[in-house]
Amino acid sequence: MTALTMVRQFGEVLLAIAIAPLFTGWIAQCRAWLQSRAAPPLTQPYRMLRKLFQKDVALATHASALFRMTPYILFGAMVLVAAIIPSIATDLPFARVADAIALIGLFATARVFLSLAAMDIGTAFGSMGARRDMMIGFLAEPALLMVLFNAFLLSGSTALPSVVEASTAHSFLMDPSLLFAAVAFLMVLLAENARIPIDNPATHLELTMIHEAMALEYSARHLALVEWASDLKLFNYACIGFALFLPWGIATHGADGGLALGLAVAVLLAKLTVAGAALALIESLSAKLRIFRAPEYLAMAFLLAVLGLLVHLLLGA
Amino acid sequence: MSLVEGTSQSVVAFSKHDLSFLLMLVFGWVILGIAGLVRPHRVGWIARILFPLGALIALGIAGLGTLALFSGHAPQIFLLPLGLPNLPFHARLDTLSGFFLLLLGMAGAGISTFAAGYFRSGEGTAPGLLCLQYHVFLASMALVILADDAYFFMVAWETMALSSYFLVTAQHRIPEIRRAGFLYLLMAHIGALCILLSFGVLQGGRWLFTFDAMRGASLTSFWASAAFLLALIGFGAKAGLVPLHIWLPEAHPAAPSPVSALMSGLMLKTAVYGVLRITFDLLHIRYWWWGVLVLGVGLFSALFGAIFAAVQTDMKRLLAYSSIENIGLIFTGIGLAILFEACHLPLFAALALTAALIHSLNHSLFKSLLFLATGSVLHATHQRSLGKLGGLIRRMPWVAALALIGTLAIAGLPPLNGFVSEWLLLQSFLFTPQIPHAFLNMLIPLGAAVLALTAALAAYVMVKFYGVIFLGQHREPSLVHAHDADWLERMGLAWLSLGCIAIGVLPQLALRAAGAVTQTLLGQTVNLASPFWWIAPITSRQSSYSGLILLAGIIGVVGITFVVVRILAHGRMRRAVPWDCGYPWQTSRMQDTAEGFGQPIRHIFGPFFDMERELPFPTDAAPRYRIHIEDRMWKALYLPIARGVQQLADWIGQLQGGRLSTYLLYSFLTLIVLLGFVL
Amino acid sequence: MHPSHLTAALLKLLAASLLLISFAMLSRRRTQRLITLFAWQGAVLFMSTLLVAHSAGLRELYYSAALTLLLKVIALPWILHRLIHRLGAQWDSETLVNIPTTMLVGLGLVIFAFGLAHPISRMATTITRNTIGIALAIIFLAFLMMITRRKAVTQVIGFLAMENGLFFAATSATYGMPMVIELGIALDLLVGFFILGIFFFQIREQFDSLDLSNMEALKED
Amino acid sequence: MVLGLPLLGAFLLALFGARRYAAELNAGMSFSTLVAVSFLVLRVLRHGPLLALHEQFFVDSFNVFLVALTAFVGFTTALFSRPYMRIEEQRGRLNPQRLRLYHSMYQLFMAAMFLALLTNNMGLLWVAMEAATLSTVLLVSLYRTRASLEAAWKYFILCGVGIAQALFGTILLYFAAEHVLGREGMTALLWTHLNAVKGHLEPRVLGLAFVFFLVGYGTKVGLAPLHNWLPDAHAEGPTPVSAVLSGLLLNVALYAVIRCKVLVEGSIGSYLPGHMLMGFGLLSAVLGAFFLWRQRDIKRLFAYSSIEHMGIITFAFGIGGPIANFAALLHMTVHSLTKSSIFFTAGHASQTADTQQMAGIRGLVGVSPTIGWGLMLGSIAILGMPPFGVFASEFLILTTAMREHPWTTPFLLIALGVAFAAIFRKVQPMVFGESNAPPLPHSPALAPVFVHLAIVLMLGVYIPFALAEWYRAAALLIGG
């Protein structure tokens, strides 16, 4: 049984690593369609990674070891996060090592390292990006935590697998508090993954960029890892959303044979397809906010999450 | 004497032995201090011999503290033949004091080792005197923790304030430092008076000042609350709870760095200890509103500290505000524990208290580490202003690497220790819906949100701190000559960072230590049955965490990634000038500054600040940007008090108008009025 | 009339005249007059002491009376006269509060003093039972005089008048204190006065005047 | 014996005061007084209270400790005054005649205080207080400057008037006692007899008498609002005089008040005297603290601090009861020791800077570490920081007040807080910081300072058993 569990665990992680760029590519494709552009192929992110891995690294003269370590740490953190989230099955041994709060911690670790790396070179853009990203971070994190709190209160556990199991078992899907939480979560997701309306992943327009500004000095394999990590992050966020709000199809404990797993993968892919399209739609419909509007936006998300919590306490107790 | 073959009688004897040995160690600190006066200007004698010895004593104290935690003996009491008549100094060693002694010893050892390399002559007070003050400070902190009667406690408490005051003003030729010292001692003294009055209430009119008698005193609800409030004010002033924090950002930066580390890392914890001792041990919690009060103050302090830390431009001030934040977190935990206990939820109370205790321990480690690191930076560069530092990771790799650990730990990132306590704290917030008060149920989740915001802000602050000091390019050309810390300093820093890692990776150890305390205070511990690499404070279904496996996971994944990348790709690399979007002529002045990092905070949390800004115009020949930020508390609370005192003093001063007739009139009127009384 | 009644009546008369003199001192402006009045007060005091000594048959009180005569009627007024001549301070002293007001306040004080003394005087067994109220009133009035005057010399006279009041209380209400103490008091008084004399010269030397308004430098500013 | 020596000293010094060895003689006489007092103390410790000379003098546990304290501080002050006065003479502020006056008056003053403490006769007590006033008037005006004359004049008048009130109180007391004890045997003013019959004394008269005593001796204690002479006299007199005024005379005056309180309380059987003392004490403490806030002159500063502390002591006596009385006695002791040592250092500090203005005194630790640290430690001690003994007594007083009269604690808190802020913000820049003042011509005799502070420190952490017993007996004697 343990061997099977380990297989499930590693399989899930490998799956996440493998299809994360695909998800990013799918969103880009949808966006292009919605904007009536010729879409890049679905495999564009993979080609990009391959190209980057082959190039020579051009490292800034006074970059320190921290700068060179960061891509690996970033990637590692995101992989670990993927290992925690029950995207296809809930019986994950690693999810007990780190619960959802640790998950937020891992996201924070990644962010801090990337910001530090961005400051390491000592360029104007790098440090500016670092500052802005940290700002988004400290505003988004409480909102995310409140969203998770909702789920914790419903399930009585901070471990995501337990949350999923509880939700599939009791089908409190229709709990109104989750509605608020879902909207809040979506807003946080957009903000945290450098999406419109907070950031635009496709731009190098210097004054508005956040994520790109931090990655400016990275090249070749370092850049590849950074990009892959951000793909993974988006993927992870999507999976968190599924786990919290759309937990159908995830293979729960005791019912996770091969068939169930295969079904779970299929359902996951379907959910990703829909979610990617939805994200693209949202992104296409909204305009990028000025950086100083970001706090208002995230405060809104926070407020919604808290409202969800209060609704739960008022109606659910 | 062997523990194994001893009867219960001899176990008691051994444990008595324990406490007296502990007191001897504490006394050893005083001796070391006095030894410093023998040759007050010989740095070699003081730094290379006395301070390392002090560190050894600290280790011994930590060891004995641990023993007290885990030996399971009944509390040990020892009477010193000193003190007031009928009230000899009572010393007592129980698990609570054991825990704080452990904290004191662990951090103290690191700080003393560092100080051995740090203090040198020619900086204000003579090294010998400094040595005396330093060790008296340490000893008085230990005695505060050991004291078991009100008088002994107060003597140790005020000695602590006094010795640290002298340490703060070591460089007394600088007026700001004198001002800071004055403010510090004043607040400390007023706080101490409040504590004293609290003891006055606690003795319950029986004139028994031992804590033992106070435990048994029966107080009415009014008096119990009065004692609690007075103690909260008194200890809050020492801990730096907002709005009594005003001295803290002045005094901590003013002191030499090892002293800042002692004050921030250890002294603030004695206030935590005091609150725990009085609230949990002497008063036994009574009312849930105490908890709400402490919780509210704690959360506000935490947020306030984090926000202000984010806008600081002086590295030590930044850390000082960060201390306010962390103290706020600790008090948040304490508040929750009081609340739960008052609502008869002892398990959750134990969880919250565990969180508070572990955070105290953590804070003492990483805050000392960071303050010491700033000390090294200060010695290497003679700069405290963040605007004049930068890029030191290349000049001071050791300090930078060790400070990075502290930075990540204080930012609350897994798998280091800061995360553990924040995790526990958030866990305990999850149980607030079980409190049988509807309004609190609604409000306290907001507390969790504030906590999350604070934690995230702390990360922001620490990125700023570390990034501006150690990363980027040198903002001043002179920084090229900065040198790394010497080996003693490195050892001190390494010891502290080791502690950060150890607690982060093996939180179960800290959990067990705190468990011994909660067992004493609440009669309940969190679930301690997990193996040593694992914590699951309530049940493992509820939540669990393992720092060790997480660390292993990170190392594993990063290692595999590295190897795979190396195998599949190649390792070619060349050095080039930074690209920076292709903009040429980048200078080090174009990096984001500490002020720049403060800008979003100033924007978002504007109402908190009292800002004074001077902005340049596009047409200015010599553009200048200046911003001055004041604490609103200062204007709102302290200046009116000062003005009031001044006005009252002026008004009263008119009594002494210089005219003899008026004076005679006073006498006459007094006479008449008094005669009226007896009429 | 019974002798003791007669003595009591006489004593009352003397007490009343002491009070009268006190009021007179309160109303006088000229220092010279004040000294004369002070001497008169001393004389009345002497007589009352004699009277008490006679009626109670106490020998000690005769000594007291002699001392009073010597000190308060002869020595002190004389020295004061000499002093103000030497110092040129015989000129009018301006009061701080105008005189009618002072008198009114003085009247109030007398009532207050009598009120205070009333319950006490009921328990006195001596023939001089009501005098303690009068003594108290004299003290109050002297106090008032010290408060309202500006010159150093007048303050001293006020002070001495107060001593007279005390002395009157001591002799008439209690038939005198034990002799040792009276001697001590007298000695203190003499020494004090001596010191005062030295003081006057020093003050004049330093301030060119005995006006107390010069001596308001030490204050909170 | 105790009385005789200082009197003899006064005579001798009046004769030889101008000679070079006068200062040594002064110290020697004080020392022999101290020795005599120690014998007396030993005797009292061994045999209990004693009466002497037809019961005119008596020693019990209350006054014996004050006598010892007075002798001790008197001796150390004499030691201190030797170099201090020499420097003053060199600076031309004094001449040999004045010095002679100083020395003889110093001894006379000591004699008067001993008389006041030791006498059993309330009348003699009054005489002694008057004598102490007169001798100190001359001491205060020693410099013959305008300011010192003004101060002495105010001192003389205010205390003279005050003392006159006390005399009236004495008369009233006699008046009441005479009815009980009779005129024969001259026992009607002897405290021991009065104490024995205090329950029979007419309460109304004694109530009245107490008011007069309180106003009279209270003026000398420096209770607000009767305190106005005190800062002037302390600031303008020579520093050794300030030290003994503050350290001893105030105590002696308070001693007189307490003796009266014991009688009156026994007679009227109510808490009125205690409440009056508490009221005066609180008022003095609070007003004293606020006065401190605005001081510029170093000696005035500490003079006001004396008012504040006398207020605290009076307050404690007012509360009554064994603990508060104990605390008050302890506070008396430590206050005298600390305050006199502060005046010693303050005197040298102002000599160093050649000004009494605190703005002119800077960076003492740089110029003379002993003066600087002496002043710093002294101030810290007087501000009630442990481990100094002042803290021990304040601890007891505050905790008592908290339980017995909680409404007073805010006032005490304000008083102590404001006093702390006021004194410390002035002392800190004087002690620390930069200075370029030249060192003193004579090395200052600061041994007394550190001896005092060491005793105070010891009392903070350890009160010897004998001393504690002594205080306890005295506290019982005062009762309440």
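A, B, C and D are the chain letters, set down in written order, and residue numbers restart from 1 in every chain.
Note that in this section contacts are C-beta pairs under 8 Å (C-beta built on N, C-alpha and C of every residue); 3 or more make two chains touch, one makes a residue touch a chain.
Everything numeric here is computed off the predicted structure, so don't read it as measured data.
The chain occupying the central position, as judged from C-alpha centroids, is B. When the C-beta contacts at B-C and at A-B are tallied, the pair with the greater total is A-B. If each chain is reduced to the centroid of its CA atoms, subunit B and subunit C end up 70 Å from each other.
Distance between subunit A and subunit C, defined via averaged C-alpha coordinates, is recorded as 100 Å. The distance from the centre of subunit A to the centre of subunit D, with each centre set as the mean of the Cα atoms, comes to 78 Å.
Centre to centre, using the average C-alpha position, subunit A and subunit B are separated by 36 Å.
Residue positions of subunit C touching 2 or more other chains, listed in rising order: 116, 143, 146, 155, 215, 217-218, 220. Residue positions 653, 655-656, 660, 664, 667, 671, 675 of subunit B are each in touch with at least two other chains. Residue positions of subunit A in touch with at least two other chains are not found. Inter-chain contacts, as defined above, occur between A-B, B-C, B-D, C-D. Interface residues of subunit D, counted against subunit C in their complex, comprise 121, 123-124, 126-127, 130-131, 134, 137-138, 141, 144-147, 149-154, 156-157, 160-161, 164, 167-168, 170-172, 174-175, 178-179, 183, 186, 188-189, 202, 204-205, 208, 231-232, 235-236, 291, 294. Interface of subunit B with subunit C (complex): residues 653-661, 664-665, 667-668, 671-672, 675, 679.
Residues of subunit D touching subunit B in their complex: 153-154, 157-158, 161-162, 165, 204, 207-208, 210-212, 214-215, 219, 224-226, 228-229, 231, 272, 276, 287, 290-291, 293-294, 323, 363, 365, 380, 383, 385-387, 391-392, 395-396, 398-403, 409, 413, 416-418, 420-422, 424-425, 428-429, 432-434, 460-463, 465, 468-469, 471-472. Listed in rising order, the residues of subunit C touching subunit D in the complex are 116, 119-120, 123-125, 132, 135-136, 139, 143, 146, 152, 155, 159, 162-163, 166, 169-170, 173-175, 177-178, 180-181, 184-185, 187-188, 191-192, 195-196, 199, 202-203, 206-207, 215, 217-218, 220. The part of subunit B that touches subunit D in the complex is made up of residues 81-86, 89, 150-151, 154-155, 157-159, 161-162, 169, 172-173, 175, 178, 181-182, 185-186, 189-190, 193-194, 196-197, 199-201, 203-205, 207, 209, 645-646, 648-650, 652-653, 655-656, 660, 663-664, 666-667, 670-671, 674-675, 677-678.
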